[in-house]
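Structure provided below as structure tokens; questions to follow.
Letters A, B, C and D mark the chains in the order given here, with residues in each chain numbered from 1 onward.
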Amino acid sequence: MSLRLFELMLWAAGYTVVISAISIVIGLGIGLLVCAAKLSPNRLLSLPATLFISFFRGVPLLVQLLLIYNLLPAVGISVPSVVAAVVGLSLCTAAYQAENLRGGFNSVPKGLLEAADMVGLTPWQQLKRIRAPIAFRLTLPALVNEAILILKASSLISVVGVIELTRMAQNLAASTYKPLLFYSVAGALYLVICWTVAGGGALAERMARVGRA
Amino acid sequence: MSDTAPLAPRASTAETPEADAAVLVRGVTKRFGDTEVLAGIDLKVPTGATTCLIGPSGSGKSTLLRCIAFLEEATTGTIEIHGDPLGFAEAPDGGRTRLSPQSIRAVRSRIGMVFQQFNLWPHMTALGNVCEALVTVRRMRRSEAEEHGMAQLSRVGLANRAKHYPSELSGGQQQRVAIARALALDPEVMLFDEPTASLDPELTGEVLNVMRDLAGSGMTLLVVTHEIGFAATVGQRIAFLDHGRLLLDGTPREVFGEPRHPRLAQFLETYLDRGAAALV
Amino acid sequence: MSLDFGLMLEKLPEILAGLWVTIWVWVVATALGAALGFLVAAARRYGPPPVDWLLRLLVEILRGTPFLVQLFLLYFGGPFVGLRLEPIPAGLIGLTVYAGAYFSEIFRAGFDAVPRGHVEAAQCVGLSRSQILRRILLPEMTMLVLPQCVNMAILLIKETAILSIITVPEMTMVIGAIGSQQYAFADAMFLLALFYWVLVEICGLLGRIAEARLSKFRFAA
Amino acid sequence: MAMNKRFLMKAMLGLSLALGLPLAAHAEDTLAKVKSAGVLKVGTETAFAPFDFINESGEHAGLNVDMFDEIGKELGVKIEWVTLPWDGVLPALEAGKFDMVAGPATITKARLERYRFTIPIAEATVALLKQAGDDSLSKPEDIAGKLVGSGKATAQLAQLQEFGKSLKGGVETREYVSFNEAYADLAAGRIVAVANSLPNIAYVAQQQSDTFAVVKPAFGQPSYFGFIGTKKPEDQSLLDAVDAAILKMKQDGRLGKMQEKWFGTTFDTPDTVPEPKV
């Protein structure tokens, strides 16, 4: 493989990382909102949240991406390829992150909140000072896992016209007739990325634990 | 430590001939890394009697019991069950040789073990827990095993709970099922590792009663316990462990009677209901 | 956009054939993947350290790369090293191995989650290693990890859509092709979304029923 | 189903209103829009050598790239490429993701009902590509009862299936996301032939003469390739302008030179969209 082609693969890997990272962050934001809606006692909020989670976890990303790319314009929302990809990945990961967050919030021991109640913290203070930090620590491993899943799921966004790592490998495999080489290189690059994220996640977990007894 | 180390066991163990020992512990030490948990234990558990192993937390009494059951491997020393070595045999050169897994299983199946955490298998009913080894190890027919199992459950007063899953039983009931499970294999020795320590106080009675019945029937029991009252009234021998050493070994009267060993007195003061020893 | 599912109804036999391929490939890959995962987890637990390291490396590679890339490598790269698989076998093997890696991690955590005392109790009544594995660890673990296994099965339903890329005639392939022939793109996408959604919800429902059934085996407090 | 459909429509309507977006896009003239933006967006698939492909240095190359460079010069705009899998290109055109499609696509009756084609740029008659040295395949009819690959959602696939019906024992087809995968599978021996247009397979056979060979003659009806646009009224001015540009290139010899460069031959194509035979 010439240096030029390897550069192209690296560039595409960078694209994969950037798009995934943006999607994870946006997805976390949406996930928080959906989680809040789902935990709400108001059914007008919790029901749509349940439907949202069910739909985006129940339909393959491939199909979601095509729906966003090709069918939203029919109602006047036309988005370019990259935006469609980010929206698709964000919504998909938001559904999973909402569930992770809900699990995290629910596993904060009730007694801690009762203790906070007894010393006079307001509900908002309880959320900010007790629930959210603990829930965050509890969901951190799931968040790292989700980041890795999205990095890998981004291999599908070429169906809406984004040339990322997998697509680049596919293109170069076809033009050079060396599928073994290019798919292996793509696999190795994914490994480097995913292992880096996993390692960073482990580090973050250890740092988050410092505050613990 | 230094103030107590020179003291040898006060009561002589020589009064029990070795042939009568259900469990014979010889020179057992146990180290976890740099920590010495057992510092050379020699103990004879007499046949047909109840021996209670007491001592402060971290004194090594549970580790000793687990070494006897071969759940932990002693770093040095040997264990014999009615004269048969468990895990390691003494080699002619004075060292040890490891015995085969088959031999370990065979000797160990002559011991019944009851755990602090019950350790019932959650996917089997009470009867299923009791019958498991009868069917898979003793190769009994299912119907025969169930008949035998029901008899064991009756013995602990739980025949009417045979079809219940562990999660449907109270802690005391679970521990009684665990006792029935151990009894089912007709063990020569029953080991109890703090059997009431994870029970609510009002549930300890039912378990202690079952154990009292077993002791009364002439079975050999070795009980690690914090229930000094039980030890004093049911135990025929008391062994007191402190910092991995066997400080005292004798009858309740010898051990609890005056003058008390200073470490035992301190233990009774610090860890326990001060009135308990008065029961003696 | 006009939705007219009449067009799709005419092609019902083809659609059902695609649905059938999706379902059987999914069921077989999930079952074999779970079995493979169990073997890998057991080998890592009981095998010598080098086996553990090697399997761990393989598992991490499979979990660290997209299924699509693995599938491309197997299907299009395979012939270059003398491995020429037809689409369905390639898809089945690819999906099974991919699933096996994830299942092995689920089971590994499951092994660790079974309290040590339950194994010790079994040792004390004389069960052999293999008896303990079969009679105690496997059933206890299964109920501990059932929710994760259901999640994995759901992920795998969706991964089967990727097999269309190596020409496996499953649901995405068939409905997509009909959509293209009839210029009924929107109908095809909606239909696909609906089919997968229903499949996933059914799988989730079965999982919840199974969990409820097993709830009485839960550990006592 | 009907309820679900209504629900989704309502949901989308709600979403669109919430975002304050107009439901019906304002029908601005596309040519004017393209010229004012200075950019012509062209959708295509990059697995269709020698029209659109990724060359060995990883660049998008081919006849389409050269032609649209010239069309861009004629219109005074830059070209922006959007590349998708082929089965996603036409849906995306309908969804307004780009102004037109390069492709090119075979001009067929069915497609003409739905889309507008530019004037032909090359021949599209379908033939078979086989493994070099495969003596069992000497004429198109030899594929009877065998497994042949083609591209998903392509006119070439439709013609292969049509041809198969005329053969005793029929022909089994396998549909690939792109022709590149089909060629790879032919090389791997999973299929006996690939059905694609003559200019494409002639190029592939010439590039890899050790691996592939063309089965002569072509089995398909004579047909032509053209670029595709929609039939929306606002798009017609743009497609007229592109037609004019192609015609000009044809007359001043630029198109002939490009055909020579990419196919090693020139095609005699009509100056208007002909009545398709397929």
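A few notes on this one:
By definition in this document, contacts are C-beta pairs under 8 Å (C-beta built on N, C-alpha and C of every residue); 3 or more make two chains touch, one makes a residue touch a chain.
Going by UniProt, the chains are A, C = Amino acid ABC transporter permease; B = Amino acid ABC transporter ATP-binding protein.
Fair warning: this is a prediction, and the values are worked out from it, not measured in the lab.
Of all chains, the one whose CA centroid is most distant from that of subunit D is B. When every chain is represented by the mean of its C-alpha atoms, the one lying closest to the mean of all protein C-alpha atoms is C. The distance from the centre of subunit B to the centre of subunit C, each centre being the mean of the chain's C-alpha atoms, comes to 46 Å.
Averaged C-alpha coordinates put the centre of subunit A at 53 Å from the centre of subunit B.
Centroid to centroid, with C-alpha atoms defining each point, subunit B and subunit D lie 82 Å apart.
If you average the Cα atoms of subunit A and of subunit C, the two centres end up 21 Å apart.
For subunit D, the set of residues that touch two or more other chains comprises 91, 94, 181, 184, 187.
Looking at subunit C, residues 76, 185, 190 sit in touch with two or more other chains. In subunit B, no residue reaches two or more other chains under the touch definition.
Contacting chain pairs (ordered by label): A-C, A-D, B-C, C-D. Per the touch definition, subunit C reaches subunit A in the complex via residues 1, 60-61, 63-70, 72-73, 76-77, 80-81, 154, 158-159, 161-162, 172, 185-186, 189-190, 192-193, 196-197, 200-201. Those residues of subunit D lying in contact with subunit C across their complex are 1, 4-5, 8, 87, 90-91, 94, 114, 149, 152-153, 158, 174-177, 181, 184-185, 187-190.
Chain contact summary for the complex, subunit A toward subunit C: residues 54-55, 57-64, 66-67, 70-71, 74, 148, 152-156, 166, 169-170, 173, 179-180, 183-184, 186-187, 190-191, 194-195, 198.
Against subunit A, in their complex, subunit D makes its touches with residues 12-13, 15-16, 19, 21-25, 43, 46-47, 53-58, 82-85, 88, 91-92, 94-97, 178, 180-181, 183-184, 187, 208. Listed in rising order, the residues of subunit C touching subunit D in the complex are 3, 5, 76, 78-79, 84, 86-87, 164-167, 173, 176-177, 180-181, 183, 185, 190, 194.
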